[in-house]
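Step one of this worksheet: look at the structure below.
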Amino acid sequence: MAKSATRTFGILTSGGDCPGLNAAIRGVAKAAYGMYDMNIIGISDGFRGLITGEAHIMKPTDFSGILTLGGTILGTSREKPFKNIGQMADSKEGRTKPEAIEENYRKLGLDCLVVLGGNGTHKTANLLRQEGLNVIGLPKTIDNDIYGTDMSFGFHSAMQIAAEAIDRLHSTADSHNRLMIIEVMGHRAGWLALYAGIAGGGDIILIPEIPYSIDSIVRHLMKRERGGKQFSIVVVAEGALSTGEAKLIREERKKRQKKNRSPSKGYELQEEIEGAYGMETRVTVLGHQQRGGAPSPYDRVLATRFGTAAADLLFCGDYGKMVALEGNDITAKPLEDIAGKLKLVPPNHYLIQTARSVGTCFGDE
Amino acid sequence: MAKSATRTFGILTSGGDCPGLNAAIRGVAKAAYGMYDMNIIGISDGFRGLITGEAHIMKPTDFSGILTLGGTILGTSREKPFKNIGQMADSKEGRTKPEAIEENYRKLGLDCLVVLGGNGTHKTANLLRQEGLNVIGLPKTIDNDIYGTDMSFGFHSAMQIAAEAIDRLHSTADSHNRLMIIEVMGHRAGWLALYAGIAGGGDIILIPEIPYSIDSIVRHLMKRERGGKQFSIVVVAEGALSTGEAKLIREERKKRQKKNRSPSKGYELQEEIEGAYGMETRVTVLGHQQRGGAPSPYDRVLATRFGTAAADLLFCGDYGKMVALEGNDITAKPLEDIAGKLKLVPPNHYLIQTARSVGTCFGDE
Amino acid sequence: MAKSATRTFGILTSGGDCPGLNAAIRGVAKAAYGMYDMNIIGISDGFRGLITGEAHIMKPTDFSGILTLGGTILGTSREKPFKNIGQMADSKEGRTKPEAIEENYRKLGLDCLVVLGGNGTHKTANLLRQEGLNVIGLPKTIDNDIYGTDMSFGFHSAMQIAAEAIDRLHSTADSHNRLMIIEVMGHRAGWLALYAGIAGGGDIILIPEIPYSIDSIVRHLMKRERGGKQFSIVVVAEGALSTGEAKLIREERKKRQKKNRSPSKGYELQEEIEGAYGMETRVTVLGHQQRGGAPSPYDRVLATRFGTAAADLLFCGDYGKMVALEGNDITAKPLEDIAGKLKLVPPNHYLIQTARSVGTCFGDE
Amino acid sequence: MAKSATRTFGILTSGGDCPGLNAAIRGVAKAAYGMYDMNIIGISDGFRGLITGEAHIMKPTDFSGILTLGGTILGTSREKPFKNIGQMADSKEGRTKPEAIEENYRKLGLDCLVVLGGNGTHKTANLLRQEGLNVIGLPKTIDNDIYGTDMSFGFHSAMQIAAEAIDRLHSTADSHNRLMIIEVMGHRAGWLALYAGIAGGGDIILIPEIPYSIDSIVRHLMKRERGGKQFSIVVVAEGALSTGEAKLIREERKKRQKKNRSPSKGYELQEEIEGAYGMETRVTVLGHQQRGGAPSPYDRVLATRFGTAAADLLFCGDYGKMVALEGNDITAKPLEDIAGKLKLVPPNHYLIQTARSVGTCFGDE
């Protein structure tokens, strides 16, 4: 173990924050420090800190007692160092941002850079790998849309918060005859709406991957009413699209993004349904509640597993990979196989089938 | 106790549902049945059940095991039997709704009617009292705006849910520089925003009783930024008004209600602040989450106290009153003193002062 | 689907209750009724109801709205119909219990019996299968010790409760120098202590599968103290054994059960550690909290998946199996392969390794 | 305000930790710093830090963001500086501990010392006041036994945790016929068992102030069984006493404390009830869970109110008092009126009456 004792790695968190970042930092650091005696450099505010060189040596007191802490002790940013590259150089010294990163990587004496992030982060990680840097990635996101891993930490916590919110809406069910719409996160991928919708017993689940028609929704509401249910809960991902919208987008994705300045999908849907069906509806927009708070116990275990696995990769010098969950097992996937891809809900996914089996409507029948 | 054994009372829940209704029903019923040996008639769906005569005898198994249950086992409605009275008679038999209520009150052999509800319910209760019926009221509302009592059950549960939502937004605080807006319930009274705002450490609290100016909000945000805080949380009651709106409303309250078709105060405020300050903001609309779920332990104790106190009034034949909390004590207030009044937040309320002492801004400085 | 319309199955829950039973009942029933138009007979109080014939037809209102409900709407018992068989006949009519079960199975016109339970239940299920009955099993247990499935519903809920309890103990950490012992369930299998211990950041985890020595524990505490940590949390399964006890048990398992009348493992351990190390310790015994309350969202999804999968087996007439989770997939395992087996924690399980990587002590080094 | 600008106060937390300490520190500090421009000295580990002089100037970043944090950022100890005074002098310099405290009080230039603690702390505070120091106290305890205030912060959080634990036990109720015993904190005062017992719907509540007899408990269990309830929950304070024990203690309180080395009241009671009644019982010992975790929103508001009120007293130079809650109002009570007293549950307290009204047994009938 003498050789590894000299190894040094940098660690940063990048992109939107989510529960479990600190649990994962702790996992990497405890294992790398305690088992492999490595040096750990904490880099501030994502890739921005690597560009500016803002970094510090992490001691055991820094990564102890943070298992349940929300947010990230390292700070984060949405800095994308390869964006607009070529168009503009770094103002101060004429270097591009990737050049600044490489320089600081050398200056800090790093053997490897550990990045915790989502799809954008792993895209950057792969570009840095191509530039010759050693990189290891850990998948975090509340959307669960990272390609190559069955689960990312953060997702379970967000799902649990969303499910509990749906639970609360349910208890009004026996008293009032109303349609409750709850908007959850998910611009491109519907995992959160799907999973929380099943867990919360949502009657209608609308996700970006399955365009919905208001007619189909109204038919389902009428069927429920005939069956004596005068109350329904609609779980809608913020990126859900009607069949009309979906067609439009296929034609010109760009225009839509400019057009789409409605405050939220939930209210949009409220107008559509009230217009078509006349039922009184109420809207809840979960918002950033889904990103906040302590990670769920499930996420803490997953983040710890990812973290210790990353430390093993560091020890073995097995770079250029993202740790991943496949079934019950932790594996490592080449960054080049992951970068730029998105894991969407397949329309015949087993959870879609499960939901349909208990009578859930996806607005597509 | 021989005499009281023959006593019979009806019980109903009216208005929007809120946590603690079942705990209060259980409290009245357990005490009235177990201590005073009374007969209990459960009336369905608020005053509607008393108009149609939908009612049933409640046995111990009906009111056992419901302490923590959300919603109401009796059902509720927003039926206001005295509304439009004189204009139209009950279709079936030419009776008005109050006449139908009186008839059913006699038919069911009630000595008294126990109503659980908010301001509207107690207004109706007082009118029934004037018609000669014996009525006892219990104050429930998540708004805490019932006149004559320091606290209504339901409020604490809603406040706790709102505070926990604010907590979750806070954990994003160290990672991103953002303004988080969270809209809580409260059309006329700001108790919920005020209490949850203090409990959650909201930086800016906007309530209907204190009109706000965007200038004042922006000044506070700038002051925080100078102090190194690049993140703020705004807790806004759905009925909060800018000074301009408030003036308008004083002039013509009616017109505004038609005008006000913006989807939610939260999004309205987002536009105002982004326009004036340019900071990136995110909106969360708590919605009906605040009404749902199991009552908090505090509310269960309060509802149980109200319930057993109502049973004592029943036993004593002390009718025409609403049970109330004054300081630590349960008292009973004449319905005529309460009906038609609203308990708003006084601008110099001690909680306002507490909040200002820890630096909270109300948008009015 | 015409044929299946005539199919009828009975459903019962057996053994200790655990979160998710109602979610699973709902899953089977909604899918079997809604998709396959089957008849559903609810059997009361586990196998006891099948012996006495206490059963009723379940309608949609019976299995709707129960997704989040704790306990079981069917009731349960620890009745083991094959126990002491041969020694005594059923008192009333000279039948054995299995004979009574077979008779009622025919009388009720069942095509299959769906049982929700743990190891004991599946052992009975397999014996009934050998008697010629069609049986399908669903794995429930908070211990996660059912052979043949990666996960049973109920476990995640219990784990989460235990982890949250550990969290609360941690917040005392910075203020007092103390050893906190928390005893969680697990007589034979240590899954709950292991998983919750990792999720809660327990410093020492003691499970039945890994005998511990007090010396090893004391060494770990001393090492922590030298590292500046004057506070430790011990998560101990109720069935954990010291190396001495473990040896004893291997010799004569029976005697021990009589001997072992100490009130709880937690207090026993307290005496041992205080005796050997002198540190002030406090004990928490989680007890039946771990079995109670609403199922976690994870367990609701898992129970719903198991339930709908069981309905698919019913439709296909694929009897004699237990639904199971393998990785991400739902499969079905022959009851004969499962009956009488126990899934213990292998000493080199990946979670043991993860825990050791972050410095957790298992009392065996 | 010019004069007050020069004022300096020290602040410390003493005794067992409890939720809300940081919220109260934040309240004092934010108000004293932001409104009154005072200097704040944080003293480490209770009175121990004042004896050794371990203290530091607190800046806004120290007392910001700690509202929801469990434990205490200042550390705490059970140091009682006046204990054994006269018997031994401080080893190092021949001073007694109070002398060391006075010396450090002068050295640090304190105008006043703010102490957050329970009964022991306020006893010490009063002795320091008698020695000529300016002292202000804030009442914290999960036992709610501090004389002179209706409520202390910490109690509501502990009560809520206990009530939720009782909830979980209840969900096993419909499935098994069992007696569940849950032991909560409370050596001398039964507030926690009483309040949580009502909130959780406990069937039997045993508190130190009302000695119980097993006969009375058994009678109540038999009555419940006759009424069809085969399941009961007993909430027992750790200091509850049978009538026999209570008599013994009145005779010789000292001896008992030596005698009482049973691991916990809960297990003791289990043996008594199983012996007398034969019902199968299970025990849960809540333990330090009750002290841990984030303060409840109620406690955060109360602690903030106490904190800002203490700042007002500091500004006015109104020393020698403890802030207190009377009804809805914050008041200040002379330390000499409070020191050495204990607030027990009066046997005719309104909550006892409420509990009896819904059929709760206290073991004394």
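Going by the order they are written in, the chains are A, B, C and D; count residues from 1 in each one.
The criterion applied here is as follows: a contact is a pair of C-beta atoms (placed from the backbone, for glycine too) under 8 Å apart; a residue touches a chain by one contact, two chains touch by 3 or more.
Quick caveat: nothing in here was measured; it's all calculated off a predicted structure.
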| note | If chain centres are mean C-alpha positions, then the most distant from subunit B is chain C
| Gap in Å, rounded to a whole number, between the CA centres of subunit C and subunit B | 42
| Distance between the centres, which are taken as Cα means, of subunit D and subunit B, whole angstrom | 32
| request: Report, in whole Å, the distance between the mean C-alpha point of subunit C and the mean C-alpha point of subunit D. | output: 37
| note | Among all residues of subunit D, those touching at least two other chains are 167, 170, 173, 294
| task | Assign the assembly's chain-to-chain touch graph to one of these shapes: line, ring, star, complete, other. | result | ring
| Among the chains present, which pairs are found to touch? | A-B, A-C, B-D, C-D
| remark: Given the complex, residues on subunit C that touch subunit A span 26-27, 30-31, 34-35, 60-61, 64-65, 67-68, 150, 156, 159-160, 163-164, 167, 170, 173, 195-196, 198-201, 227-229, 294, 296-298, 300-301, 304-305, 307-308, 311, 326-330, 350-351, 353-354, 357-359
| request: Provide the residue numbers of subunit D that touch subunit C in the complex, in ascending order. | output: 13, 16-17, 19, 69-73, 75-76, 161, 165, 167-176, 180, 182, 263-264, 266-267, 270, 282-294
